[in-house]
């Protein structure tokens, strides 16, 4: 188990800057999810750690070992690919044993380890099948098994569940988390699904356009987003521009008659952005229901029925 | 009007509906093939059993007596060529799969577009005792009177390899490129180096393509007349030369056809492995 | 860290340059030799280059009465007719193979591949004997027939590939709007297939132009195509003469190669699904 440290990593493809001065640390035994929209550089980052992408500048360390320019086959990082990359001409046994063979383990040891890891991912007895004979979820678990069995210093998961149905995705993500905790293996987990990221991570990193926007525990990043992009990505659907006013009681901003507090460091006439989630709002017809709520007055223009939810459009 | 259109539609529909139209379209090609190829092919097999001693295996007996050395020689040259072509194709395709080199990508295809006849003639000039290769070597090393490679089995193999490796490389490179990056990266990630990945992962996945390339190389080498004519040794010779000799100097269709059938059998023997593999794939 | 990368870079450059020289020599050497011979008026050992260079042999070859011009005429005429015949036959056949569910389709595909995938010489030999009976040996018609059989492989293969690559939905859309099959074929399918068919025509042209073995048996001794002429010259050690013809024969093939690289994708040829 190792700690991953990335310092000032930069990578461009032609004029497109894919990784922009990325700094992060993943402590040993932790599961860090990297969240971000398509094209944000998540895959590039993880492929740089694996050794398939060569950064222009910056450094990557596993514990104290500088692996920045090391060949991918020497790095002791294990990757699970989005399409699983199970070799179709080999049996499940041969797929999983491949890494162990390269480590020059004895035949008995390999047999034992393969059996152990297949039980670990809850697929006992499938050694002689071929990948094409398995379901998507099973293939994914074999890919995971193949990565885990070589005892890597760090596990890299590149959108491992994206190709699966929603129901299986939901189930498998917790299985992965349980496995990770059980083996206490340092893990980076890439996804574009914010629910997935928040539910299993020890730390969430939000990446956009090659830059880390925020790196925090799930609860913190959800309730205290650093900026509007982070907030919007994590589900805040109301983003309204406002202005700072000042009166004898202090600084404030206005929304539909509600007097809202303003963050530190702002002064009068500054611009601010008011962000809140739909689930933080209670629609009501009567006047204020108490001092713990801000009361925003407005007119309901449209309603949309969405099954479990209803969508209201309000104008202030 | 509508019902007429419907009738037209169903008559010429392509989902297996009316095959008659399709058969009509392909008939001219089938006729040409049948008359100008299948008929002579069968004739060659039939004629191989006919000799002035009646119907039987006399031609084969005579062919073996006269040419068994050449049969072995032909197989030997073809197999050696095949192995070298395979090696070169895998090396070049492997390199181009991982790295970009426009020069190599362009130039390896050149011999593909040079006709066999011209290739033979050029090799004759190049490998002759006082040919260009030896002249160059003489200038560099100072050794004059180097033996010429032309009219030796080495020159023959070199000429075949020069002409055949581009097609094999082209096909195998196509196969290599159709293997997704992630399959290769997964192997590298688990500790394999690039050479191992080519041999253990990429090549097995590309097996059908490799087999096709090898069969094509084998067949065009074993049946080639021009290159052995222009640059091969005078003894032993490749089977096609024996065949044409038998016709042009002896008018002996029987033995010539027997030799032809022998070459068919050699090809079928090799393709059997390929066909069996492909048929197995059909079933799964 | 930077030093290591530059060292690797330099090593790469040196290796590549050596590679370019060696590979260039191996691949272009023989061809360069032929080219040089065509311009050599006097060339003997131990010179690396000819002692005297000139265009004498070229002038002889390209002059009006030369055998070369006559053979060139014969070769081109034959090639053009073969292209027309091959296209007329293979376009419908390719369409049928691409679109229709023909019985024994797999077998048909293998059958059409056979002329190239199976030893040709025994077949040529027997064609000769069959053609004797119909007085086709030594005639242009006979040679055209041989060239046609050989080229059919490529033209049907490329035609099938081409038509397969045109989505059926394009034709169905036209039918849906009221066009009949024939109209659809000539207005929609054929224009889209044009690049592939042109590629196949060029391929057939060059195959016919360069064909030797079949012509050797069927055309002898009256039909002297360019390859036959070249062969005779080369066997007679008529180096310059043979080399001039060799260069003449290579030019169309190389031009085709450039056209292929530039304008068309090798996808047509790599449709090897058999």
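The chains carry the letters A, B and C, assigned in the order they are written, with residues numbered from 1 in each.
The criterion applied here is as follows: a residue touches a chain if its C-beta (ideal position, glycine included) is under 8 Å from a C-beta of that chain, and two chains touch if they have at least 3 such contacts.
This one's a predicted model, so the numbers in the text were calculated from it and none came from an experiment.
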- Per contact tally, chains sharing the most pairs are B-C
- Query: Using C-alpha centroids, which chain lies at the maximum separation from chain B?
  - Reply: A
- For chain B and chain C, let me know how many angstrom lie between their CA-based centres, rounded off. 16
- Query: With chain centres defined as C-alpha means, what is the inter-centre distance between chain A and chain C in Å?
  - Reply: 56
- Task: Starting from the mean Cα coordinates of chain A and chain B, work out the distance between those two points in Å.
- Result: 53
- Within the complex, chain A is touched by chain B residues 180, 182-183, 185-193, 196, 201, 204-205, 207
- In the complex, go through chain C and note every residue touching chain B. 16, 19-20, 23-24, 26-34, 36-37, 44-48, 88-90, 92-93, 95-97, 99-103, 108, 111-112, 114-130, 145-146, 148-149, 152, 156, 168, 175, 178, 180-181, 210, 212-213, 216-217, 227, 230-231, 234-235, 239, 242-243, 246, 249-250, 253-254, 256-257, 261, 266, 270, 272, 274
- Message: Using the touch definition from the top, list the residues of chain A that touch chain B in their complex.
- Response: 50-52, 71-74, 77-79, 81-83, 85, 87-89, 98-99, 102-103, 146-147, 150
- Task: Can you check the complex and tell me which residues of chain B touch chain C?
- Result: 5, 8-9, 12, 14-16, 19, 21-23, 25-26, 28-30, 32-33, 36-41, 43-44, 47, 101, 103-104, 106-126, 130-133, 135-136, 138-139, 144, 162, 170-171, 174, 209, 212, 215-216, 219-220, 222-223, 225-226, 229-230, 240, 243-244, 247, 253, 256-257, 259-261, 263-264, 267
